[in-house]
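Shared chain: chain A. Partners: chain B in the first complex, chain C in the second.
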Partner chain A sequence: MAAAPDEFSEPDDLDERERTALETLCKRLADDEFVLAERYTEWQVRAPTLESDLALANNAQDELGHARLWYDVLGDLGFEERDLIYERDPDDFRHSTLVERPFEDGNWADPVLRSYLYDVAEELRLEALADSSYPKIADRVEKIRSEEGYHREHAQNWLERLADDEESRERLQATLDELFAHALTLFEPCAPPRGANEASGDKPRAVDSGIEADIVDLGLRTATLDELGEEWLSIVVPYLESLDLAVPIDGDGDDDGFEVTAAALPDERGRDGTHTDAWAELYDEFTHTYRELGRDEPTAIMDAPE
Partner chain B sequence: MSSDIQDQDSGPDANLDPDAETGATPCAYTDYRSGEADGDLPATGAEATGLEAAVWDALYEIEDPEMPISIVDLGLIYGVYVDEDGAATVDMTLTYSGCPARDMLTEEVEEAAAVDGVEEATLRLVWSPEWTVEFVTERGKDDLREFGLSI
Partner chain C sequence: MNIDTVKERAGPREFSPADELPREYREAATRMIEFHANSEIMGAYLERPFIRQAPSIDRKLAFSAKVQDEIGHGQLLYRAAESLGVKTREEMLDDLANGDGKFLNCFHYPMESWVETPMIAFFVDGAAMRRQATLRRTSWEPYAHAMDKVCFEEGFHVKHGEDILRELMSGSKKEQQMTQEAFEEWWPRIIQFFGPTDDKSTHHDFAASVGLKQQSNDDLRNAFLDQYIPKARKYGLEIPDEPRIRERDDGTYAVEEDDLNWDEFFTIAKNEFEPGLGQINGRKTAQEAVDWVRETIERDASAAGGHAPQAAD
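Entry: the complex of A and B
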């Protein structure tokens, strides 16, 4: 755990170090939620049952709401919705590659497993934000938690049913083999925002571990990424193994527990400004209408009638 | 905002047993009596005077987009402040973070709060304490019951 956090300034008096830490943290939170919701909505009218369709659409709406809450915090730094989404350079997004991966048609195991891997991580990080030194971050946590509770329950309920059937379990295993490395990027440090300093995300992989250290030292988050990652592994590995799934990670977790190692990570990590090809396609898709209509203001698609 | 949360069981008794006639049970995923009342909430402007009272009156006129209930009786307004220069600030929350009517509602509130004598109205969206059904006023509960909701 961090030592007593440094005093964090009021929104109007933030120094460079505070601004960069706040921006980096809020972008990774908001981008994860936003991009995951974009992917979930692809299942609308395609999920296996009407109820699961409604459930996933509803989870997507929850995540969009939470993305908006985190993007709103960035309003303190002068950012607006269009800067943060529709006119943002796709290379500046800092979401984990887990949330941008495309779905294979009809593979329901994927959104179920992805939701489980993500929602366990989200629970842990919300816990680590509840006592944030930045009041606007701490103020949002309970609201979000109250809307998150059933996401993980929904995912586990489906996982257990799918794992009970041989063909479905094979699909789950194949999906786990594909997604697990990407899920580990949830706990990777971020490259700085574009243009923030010399080692900025203009150069991919220019991860600045100093910013991540600042996020914790300044008390914005009260746990380190390593702590969150290890706690996550201590939950998801035994659970998935209890479903007779083989988790692609070394170690047995008996002595020192599991840890996220560089070798286990995928080439593209999202957080560092590198993304899989799927991201460019998804970005083009959700900005398509905005561009096609020549908009420069996302909240007013049409002029109000006289 | 000070959130002097008190454990105050002031809500109506939600009936979670099966309905005697139909045998229907409430949805297990909806908590009919979640949350705690807050010492200062619901805020209704009952004690407000002058311009602040005028702003409260204007906000009472705004209905929730889905249900025939004033947003004040629904407990969305946490506070109204008008300073000596006539600058009004309204603290407001939403029942759901993913509310698709957020822009519509917040614009309506800012417009309504600009009553005669108010120079400028600003809305602050607040999320703590999180809204719960305990913030609905007695009159609001009557409105919701009349609409057919069990509260």
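Entry: the complex of A and C
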């Protein structure tokens, strides 16, 4: 029996369809935040000024905090930090490839642009989660939203400043050409989680499993990925163009507006379990100590989020 | 104000930018605060890989926050140093990149494994806490003021470092062993944190006479050993045989100075120690890679006809 959008079951009696939808949604949210934070921290002690160093560290910690909130929702399904990060198969991570891309040394245009592209998408998806049928998700949206607004403002300040300078704008443009296709993967559906069906093991794994439709039908999220993607394009394309940047996308935005087409997507999309080579390296680095010390439990030092 | 008046008046938080101070005082204070600020930056540089390598989200968050705090301390301290009118922040940061800026001996050593993190975050930061607590009474008011905030935040860092140590020393046999080995390697350096005995310290007399420095190296080292030898033992660490440490009748400790490698210490003090140079140059390369951003900010500022804004941060 399918639950009505506003009648999602209690954590203890979720049926298989609900479990899979909840797991898939939370993993994509949490993994995005976690991996983005991991990359942001690379700018600590390497940013252009002490002030920008502090600001980016701040954003990294905010994103880590959000990852903690979303991973914690997965605790309702019995997952622990060990299963979700330190002992998880790297192929099972579902973040967009936008967040896993390595930074080229000194390319400050990248974190600024990446943050803008990501934070606009983040705002839209939070809006679509504010009335989630899963109360814990809806409850956490407000806290996250208040911080994301600041991130976007920070990114835009920098973008406008860099775009105003010819040489820096060229760097922005080159970075945009690199990042844009990966940003589109933010709106791609996820492959089923490991063990959820027989498709695991195939790469790229089937993404047309209907899980994404379930996420919306069950009211976990109130907008579809297509809707979110189109809305995102309708914001970022004109904004970037207003900075004299050329956005690498077909179509002129008339009539039906822009849409995310398969042709515009990169080979690796993250959401489907395929990742760029940089991901394997990053995963090795952040699990290094855990493996080196033979740990079997990540250390919790803070209380679980309320 | 002449130097005799400075010495007469020298008391806690006695002097501020409103005072006309002799060059000798301003230079000594600049040297001391710049050293402190540089140490914050290079300490952060040393610890940053462990944000990534931290073995849990919570530890990662704490490490990222710690590294951020150290950069914040650097920012505060450069401001306190700048207010003496001898050097600008840019000059100090450039000197640090060029290998002319001096900083703490411990931050010249590379750090490779998580088990080393409490050597910095507990012992070195603990040692720094002792010195910093006395500096809240230094005669340069902006420096003392910066110390209020720094000491407050360092308190958390030391607690976190202690917790990492406790966890490692109550972990697997392998963890305990690795931690003990790291401790043996770091222990002499940690003791050298306080520098040579007072009679070998070049800057001590003047800095003490004008109230910049509040306690001698010997006193600080003693107080540190008093407090940290029992703590190390409590977590199951064995104090290495060398350097030999003798307990005096009054309960204080005397370190056999000849057991410490002072050649290395003074090579480090000149920024000529190979591993340390690697760190100085690593940071320099990272800074050069973002020169273009600072240049953009400067062009932006000169176009606006004003001073480089530090907004957008």
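We adopt the following convention: the second predicted complex is superposed on the first by the 288 of 306 C-alpha atoms of A that agree within 3 Å, B and C clash if a C-alpha of one lies under 4 Å from a C-alpha of the other, contacts with A are read in each partner's own complex, and residues count from 1 in each chain.
As a convention for this text, a residue touches a chain if its C-beta (ideal position, glycine included) is under 8 Å from a C-beta of that chain, and two chains touch if they have at least 3 such contacts.
Computed from a prediction, not measured in an experiment: that's the story for all the values here.
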item: Partners on chain A (chain B, chain C) - clash or fit; value: fit
item: Chain B versus chain C as contact partner of A:E142, first or second or both or neither; value: first
item: First (chain B), second (chain C), both or neither touched by A:G65; value: both
item: First, second, both or neither for A:Y150, with chain B first and chain C second; value: first
item: Angle at the Cα centre of chain A, taken between the Cα centres of chain B and chain C once the superposition is applied, in steps of 10 degrees; value: 60
item: More chain A residues in contact [chain B versus chain C]; value: C
item: Where chain B and chain C come nearest after superposition, their Cα distance in Å; value: 5
item: Contact residues common to both interfaces of chain A (with chain B and with chain C); value: 61, 64-65, 68, 299
item: Residues on chain A engaged by chain C in the complex (per definition of touch); value: 34, 38, 41-42, 44-55, 57-58, 60-61, 64-65, 67-68, 71, 81, 85-86, 105-108, 154, 157-158, 161-162, 164-165, 167-168, 171, 285-286, 288-290, 292-295, 298-302
item: Parts of chain B lying in touch with chain A, wherever the complex brings them together; value: 29, 34, 96-100, 102-103, 125-130
item: Residues on chain C engaged by chain A in the complex (per definition of touch); value: 41, 44-45, 48, 50-62, 64-65, 67-68, 71-72, 74-75, 78, 113-115, 160, 163, 167, 171-172, 174-175, 178, 283, 285-294, 296-297, 299-300, 310-313
item: Of all residues in chain A, those that touch chain B in their complex; value: 61-62, 64-66, 68-69, 72, 138-140, 142-144, 146-147, 150, 299
